[in-house]
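Have a look at this one.
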Amino acid sequence: MSLTASVHKRLSEHFSLDIDMSAMPGITMVFGASGSGKTTLLRCLAGLVKPDSGCITIGAEVLFDSVRSRSVPVQQRHIGYVFQQLALFPHLSAEDNIGYGLAAMSPELRRQRVKAIAESLHITHLLSRLPDAISGGERQRVALARSLVTDPAFLLLDEPLSALDHATRSRIMDDLRAWNVAHRIPILYVTHSHREVFALGERVIVLDGGKITSDGTPHDVMESPAHETLAQLAGFDNFFDGTVTVRRADAGTMQCRLDGSGTEMEVPLSRGAVESPVRVAIRAGDILLATSEPRGLSARNVLPGRLVSLKREGATVIAGVEAGERFLVHVTPGACESLRLGVGDPVWLIIKTHSCRLVSL
Amino acid sequence: MDWLAIWLSVKLATIVATILLLIGLPIAYWLTFSAWRWKFLVEAVVALPLVLPPTVLGFYVLVAIGSRSPLGRAWTAWTGHGLAFTFEALVLASILYSLPFAVQPIAASFAQVDGTLLEASSTLGSSRWRTFVRVLLPLSFEGVLAGAVLSFAHTLGEFGVVLMVGGNLPGITRTVSISIYDSVQAFDQAAANQTALLLLAFSFAVLAGVYALRRKSWSVSPL
Amino acid sequence: MIQLMLFRRTFVRLTMVVGLGLLSTTAAAQDLSIAAASDLQAVFPVVAERFERETGKKVGLTFGSSGNFFSQIQHGAPFDLFFSADHDYAVRLEASGLAERGSLYRYAVGRIVLWTRNDSGIDVRRGLSVLVDPRVKRVAIANPEHAPYGRAAVAALQREKLYEAVRPKFVFGESVSQAAQFIQSGNSEAGIIALSLALGPALRANGSYSEVPAGSHPPIEQSAVITSASRHKDVARQFLSFLKQPEISRMMQDFGFTIPSNP
């Protein structure tokens, strides 16, 4: 059964949520910056917030229809919702938390069901504990179990794993994925982490300013981000304004001149005419650094510059290079050492045409 | 020691505290969760007895239930005797007078319960009643207890309203605070002192108990 | 969970207490409920106790200011007998039908005295003029708004042309017995109270009084009535007859009351 929703809600003078989407069984990521409307969307689907107008259905059942003034109360929507703060009942044990939604069941049956879900999420050893005696990723598992055990028609997850470290996150994600294989229901997974999008999503919807701006597989959406906000989220670090100077339709490329510095760059072809403005986005990891002027390279953009800063961040060194514009470049610490990079050194930046993405403003 | 007056006071305070718990819970619930524009008016009415002199409240209650009032006459027609100057009149007046002492701690306690927990309960299929009983009440238990205990203690110490509405009838409306007053009028300092000390000790014990229970942030006032 | 259990238990206990309380009868069964002016504070408990012994009927006494009782009876206060310190209240109750016609009984004429504690250093034998003395900072009287003894005190002071001088020092008692209590506790250096209170055991021991001439104020005529709403009119009449017995009359006179002749 799939979930379809067209939701319109005005939240303030400047912001309204305008969504038209559908979700098939499987995991659909909802990706966007904070304030983009992700949580509001979830709350509308859950029934915690009433849209101004629209229609929400799951399979054949209508949960909300403003035209026919029908709105099923949240208690009866049979959903699973994992809140960002998890919202575990502090006065109930993990077992009672998980069994909370199974009140209509006989105690014996309830215990069995709770045990089963606890086993599949590897938390049977925690069942008698109170939430404050459970830490880290296990709390997320309890919250997840609580939502899954009721066999919901669809599942809503609001950044449930954002506070966890990478390893814990991926383990929980594996378990969720396994559960999803067995229970094919639509799962909406809200996140602002592009790593999660790639790790989990079969499909991603991008929200920006209350509207869906992209929809597709993670690869499609993230690799060629159409909008700057998405690009920023998707890990692009360099953004420049420029103007189109030459169009080479047969070669599939354009030349543009960056505002301010006048630096010329070759970028992929887009619809913009000559003299129209463009915004260029380049990942820091897509730029190569050379300590002597390179020759015979296939790359079309080779820019001379000066190294102005070096900062080590975990397994990467972020180099700041002044080449007309300020560029951020990622190099490995090993490369940094063997090239004997030092602040003030002259360097050359090597950027492939297709590493430059054109984003709408 | 006027044991009759003490028994009367304890009885009055217990009945009033129980009734206030029953009506205070829904009022506090409504005050915490309603988004009605004119809610502040209700809040003011509930808080009124905190600032009204007891004689003002007593006066209006007496006017409202006296033998010349429509309510008083209806009561007489129904029961055969008046409403004013009876134990029932004290119960009524005390409910009004101690109302904020019940409602405010309960409402404050409700308000500090994380709203997301209540939402989580709804998403798991719980009706509003079930969410109230299984999530809201247990997590605001201290406030509810404080409300019950404070309205008990406040009623126990009442004087002005009881005097005006009750008429100081021994065994019927002569509560312990009035009894102390009477002893003083009769120049029996010893009796007055004894009873007063008992009341003081009891009130202190009650308050100390309530404060001890509250583990979260209190300021100075329990309200 | 523990909290929930505690709550349930407390709630069950409370319900039981409430249930028991509601089941038990409210009144300590009384045969007669008397509203008595507070100047009778010293003598009436003894009279009532005597009455109880002789007739076996239980009497509930409530002392207070006559004005307060007057208004309470108008609002339906369930007293059987009202011993007012002011004849006028009794007449008005009879006239308005709230008191039984013909039940009015003039039971006493009261006297006011100047009273002070023995250790105050104030010589009351000098009469009312001693109140002007700077050592007397506060003068306690019953509230003249509704207490006949207070009105008499004011009248006496006006007669002696001392009212304006003493007026700033006034401390009003809600009843004449509260006024007496103010002086007895040391909150007022002196005051004008009822003779019957000054002759009572508590005040007699540690104070001294001087009588204020009866002619200096309108007489304090004290009358009693049986309320129309009373359900124990026969017992009330019994009490009034009891009062008229020579022995009880003498007791009243011992406390400074004059018993007027009743037509």
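Going by the order they are written in, the chains are A, B and C; count residues from 1 in each one.
What we mean here is this: a contact is a pair of C-beta atoms (placed from the backbone, for glycine too) under 8 Å apart; a residue touches a chain by one contact, two chains touch by 3 or more.
This structure is a prediction, so every number in the text was calculated from the model and none was measured.
The most centrally placed chain, judged by C-alpha centroids, is B.
Seen from the Cα centre of chain B, the chain whose own Cα centre is farthest off is A.
Once the centre of each chain is set as its mean CA position, chain B and chain C turn out to be 32 Å apart. One simple way to say how far apart two chains are is to compare their mean CA positions; for chain A and chain C this gives 85 Å. Once the centre of each chain is set as its mean CA position, chain A and chain B turn out to be 54 Å apart. Touching two or more other chains at once are residues 1, 3-4 of chain C.
Shown for chain A are the residues that touch two or more other chains, namely 91. Among all residues of chain B, those that touch two or more other chains are 138. Across the complex, chain B is touched by residues 46, 48, 73-81, 83, 85, 87, 89-91, 100-101, 103-104, 146-147, 150 of chain A.
Contacts from chain C toward chain B in the complex involve residues 1, 3-4, 6-7, 10, 14-15, 17-18, 21-22, 24, 26-28, 30, 33, 38, 41, 45, 60-64, 72, 74-79, 175, 177-178, 180-181, 184, 200, 202-203, 229.
By the touch criterion stated above, chain B contacts chain A in their complex at residues 114, 116-117, 119-127, 130, 134-135, 138-139. Across the complex, chain B meets chain C through its residues 4, 11, 14-15, 17-18, 21, 62-63, 66-68, 72, 76, 81-87, 137-138, 141-142, 144-145, 148, 167-172, 174, 182, 184-188.
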